[in-house]
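What follows is a short report on a single structure.
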Amino acid sequence: RRWLTDESLSAWVEPRPVGTHKGSAGHVAVLSGSVGKTGAATLICLGAGRVGAGLVTLFIPASLNPILEVKLTEAMTYPIPETPGQTPASAALPEILEFAGDKQALAAGPGISLHPDTQRLVEGLIAQAPCPMVLDADAVTIVSRTPDLLKKARQPLVLTPHPGEMARLIGGTVQTVQENRIEVASEFSRKYGVTLVLKGFRTVVAAPDGRLAVNSSGNPAMAGGGMGDTLTGMIAGFLGQGYEPYRAACLGVYIHGAAADRRFGGVATRGMPASDLLDDVPEVIGRLERLRSRS
Amino acid sequence: RRWLTDESLSAWVEPRPVGTHKGSAGHVAVLSGSVGKTGAATLICLGAGRVGAGLVTLFIPASLNPILEVKLTEAMTYPIPETPGQTPASAALPEILEFAGDKQALAAGPGISLHPDTQRLVEGLIAQAPCPMVLDADAVTIVSRTPDLLKKARQPLVLTPHPGEMARLIGGTVQTVQENRIEVASEFSRKYGVTLVLKGFRTVVAAPDGRLAVNSSGNPAMAGGGMGDTLTGMIAGFLGQGYEPYRAACLGVYIHGAAADRRFGGVATRGMPASDLLDDVPEVIGRLERLRSRS
Amino acid sequence: RRWLTDESLSAWVEPRPVGTHKGSAGHVAVLSGSVGKTGAATLICLGAGRVGAGLVTLFIPASLNPILEVKLTEAMTYPIPETPGQTPASAALPEILEFAGDKQALAAGPGISLHPDTQRLVEGLIAQAPCPMVLDADAVTIVSRTPDLLKKARQPLVLTPHPGEMARLIGGTVQTVQENRIEVASEFSRKYGVTLVLKGFRTVVAAPDGRLAVNSSGNPAMAGGGMGDTLTGMIAGFLGQGYEPYRAACLGVYIHGAAADRRFGGVATRGMPASDLLDDVPEVIGRLERLRSRS
Amino acid sequence: RRWLTDESLSAWVEPRPVGTHKGSAGHVAVLSGSVGKTGAATLICLGAGRVGAGLVTLFIPASLNPILEVKLTEAMTYPIPETPGQTPASAALPEILEFAGDKQALAAGPGISLHPDTQRLVEGLIAQAPCPMVLDADAVTIVSRTPDLLKKARQPLVLTPHPGEMARLIGGTVQTVQENRIEVASEFSRKYGVTLVLKGFRTVVAAPDGRLAVNSSGNPAMAGGGMGDTLTGMIAGFLGQGYEPYRAACLGVYIHGAAADRRFGGVATRGMPASDLLDDVPEVIGRLERLRSRS
């Protein structure tokens, strides 16, 4: 069982070589957002960029595209067909699959709604995604209806449920989940062959091969909307740079909390907007890079 | 009579436990904004988040929703029916009541206009709101037509008039209000069973049970549009975290001024945008948290 | 002849009393912006707020209103009729005059275009404005067709031409203007009864009663689009707080340059966005306030 | 062969004289952006402003104009006819040529797409542009179909391909380009009479008269979307201030990397958004200005 700290993770964070360019740093595709929930999409894209993704492209219901073009500058947007409720429509599946064909990672779920046609889209993505994928929020809830779907995936999956979503996934209660965090995460991970990130105090990361990690970073000021979205983006950003799912998840989880600690650790136990910690992410990554160089 | 200071308030500001999550930190719903007045809605939502609300959802006239999706990232938006003047319509009442059913606080009023149908909406909310509510600005003016409406409320109300609005509430003059700030606030509070925040230099907070507080913080650089909106959001944010109305109001009022003092106290007596003080709110809260921990 | 410096201006900058509120700090109305030129409107509103205006309301062609609602938060917007070219239409005149009836200052001109119907609007405003007004950019160019219009104004006017606009105003050349900056400004000011701000290195401020000032602040990094707009807003902000036109112009001009010096003086002679200096305005004002308090 | 450093470049960076104004600092016109790619347009405009361009005007497909009005404040926008794919249409050519007639520089290419009608627009611009022009991204790809087009230009051109685009330009492979960076750049520059900036580690700048420079600045955190766009804007900004193409390119390339080093050099090798380095550009320019003054 790995205890996630600067020391235990720095070996994985190689300073990038001088010849690195945007084409070699990974292109992350994101499916997120619906009417009223465009902030989630924004934070995923920013999170992916902050850990070093070379390029980020957001699939967004077409009518919301102008909003995201305003909110994002370095990330690109890609308008897709939408349901009458301004959520992603299953008609977008072929386009997304084609676009993702030569990309390095996909992140899907936050703020996409549980609209039946959006569910079909997520199910199609799980079965056919041509690259590793992070599933969060609504995508996790969609999966909880028929978790066996996860076994159909051709590519590695990372799921990032909070305790309530984890309870839905196993058809149990939040209490059961919280009293058996490590067991629940490990079991689900093994059974369905996915990397499982069980969020909450002392986030657990479990890989299907049995590897297990517990996070040491983070603080209560992270208890706010949007925090999970930034984490999803960060894990996807590491996947995009070629990290295998377990390592991408461990790095995302730890650096996410460590950036929040850097920003807010000594300040207060509340009141940190999710977007604030993003600015501190590179400092934390650099700390790991330098630690590695020294050892 | 309580004099609001770091010392007198720190006992109420417990550092949050490590297991705090967005679901346990309160969900604040906000009704604010109409054409030309979307800044008010923005500042309320940001204020609620800065004091630690776990989630914030803004009800906004549907045609203005894209504007607010751009302006807000951590908060979510919820488009509602609108009047021909792009203000909140009474047709939104059922949706708002249903949504608020399992939420912890509501804030309503800034920038919603005095449109007759918007008035009906506010009146309906006061009578039927299923959670504590802060009423400010246009909502206060609406109340001033028939203050007896306040007695119908099933849940605690906090009203935050400035002296002009207070005068309207009691059918008096600003001069009367200003010459008898404490008496006016106390009387109204007792008579109508609401927590009353009378803004202006030395803001007064009066509870229906006779508790009374006077604020020590703040400075003249706060004399600008949007300041009251940030306060409304902050009080709602504390309500959402489970503080009873009088304490929520005292904390909001004091921290609002103290954040402005921190940002601008030694700088100048003018020129501070309302959004600037928000960044200083967590520092002030943290100061109170640490003071409490030491004593 | 007054040399504008910290020392010569501090006597005019009284720290505001503790009871100052947004209603007593002046409400500035702004007419600015057309398609492609919404940045000008933004900067005027921000400039007015940064010197302490209590409230700011922007009149904006209706189709552009959503853009400005996004760009501004503390200022309010007021959509007005527009020409087919998305510029302010003369049909807006009655509404603007009525709204401005109880306001303290108007700023008009930047980015409104020279559309014939917009010209009619400006001409109507000059003749009928119910409060002091700053005219800049397109409004100055419009005036230059028939400067006698200025004599019809019922309220004090401040004009803020750059040398090219000044040349148009007097039907001369830029060279003539630049070789006789003080004389040109003084003469125009006396002849038309307006306060004249002739921009450029060593900005000149001339009052119709013969008072004259030359600015000492500023640097070449201010040579960029939008700088004039921030100045217009700052002068309007001081007018709104009750300063007479000559003093408002002197304070605006000097503090504008001093804020730019504070931000960029030791940095470089280029590359400062106009919006950057706004953050430094309160620091400069505070310096003057403290200087006054000491003497 | 010039090695681009503070020392070798400072001779070219004269502190601007006190009388500099926006009309004498150059007006840069930009053609960039299509649906999903408005960030590119944003970054070019900001880049041009950050190196000191007096004015910046962006040509943008009309339906995207509101997005850019929100994203930009100091720069102006100019809506142009668009293709059904929301990309710039060739129908815009006459307007652009007329507008650019008295401007100092044009930048074209990023995010405009390869739509056939957009290609026609770019080809028309190359043949007829009335001022120096920077071609990047999609414009480079368009040129690669018929590079002889470059010989028709009446005004100096700067091309800024990354290795992949360079390969397309010469009909070769990325490997060939990377193994012969200097030769490839020099040859293309001479053959087509353009200034060639071959991006990547140790960016090469080649002038048609044989002058050659290699860049010393920059770091791997620049490997992300939008970085090239900021560079395009910076080169155009120097062109606009009257620098000849080779010097404009050398200054843009070096300062771009040096700003990134200043911001991120000691921080991390990943996670810097392109917009972040813009804030450091003036500091780097100032360093060069002061170095020049001392020598």
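Each chain gets a letter, A, B, C and D, in the order it is written, and its residues are counted from 1.
The rule is simple: a residue touches a chain if its C-beta (ideal position, glycine included) is under 8 Å from a C-beta of that chain, and two chains touch if they have at least 3 such contacts.
As the structure is a computational prediction, the values presented were derived from the model and not from experiment.
With steps allowed only between chains in touch, the distance from chain B over to chain D comes to 2.
Shared contacts of chain A and chain B, meaning chains that touch the two of them, come down to nothing at all. Interface residue usage between chain C and chain D, two copies of one sequence, is largely distinct: under half of the residue numbers at the contact are used by both copies.
Centres computed as Cα averages put chain A at a distance of 48 Å from chain C.
Rounded to whole angstrom units, the spacing between the C-alpha centres of chain B and chain C is 34. Taken residue by residue, chain D touches two or more other chains at 66, 70, whereas all remaining positions touch fewer.
Viewed as a contact network, the protein chains form a single closed ring in which every chain touches exactly two others.
By the definition given earlier, chain contacts exist for A-B, A-D, B-C, C-D. The touching residues of chain B, counted against chain A in their complex, run 15-25, 49-57, 65-66, 69-70, 72-79, 241, 281-283, 285-286, 289. The residues of chain B lying in touch with chain C in their complex are 35-39, 42-43, 64, 66-67, 70-71, 162-164, 200-201, 219-221, 223-227, 264, 266-275.
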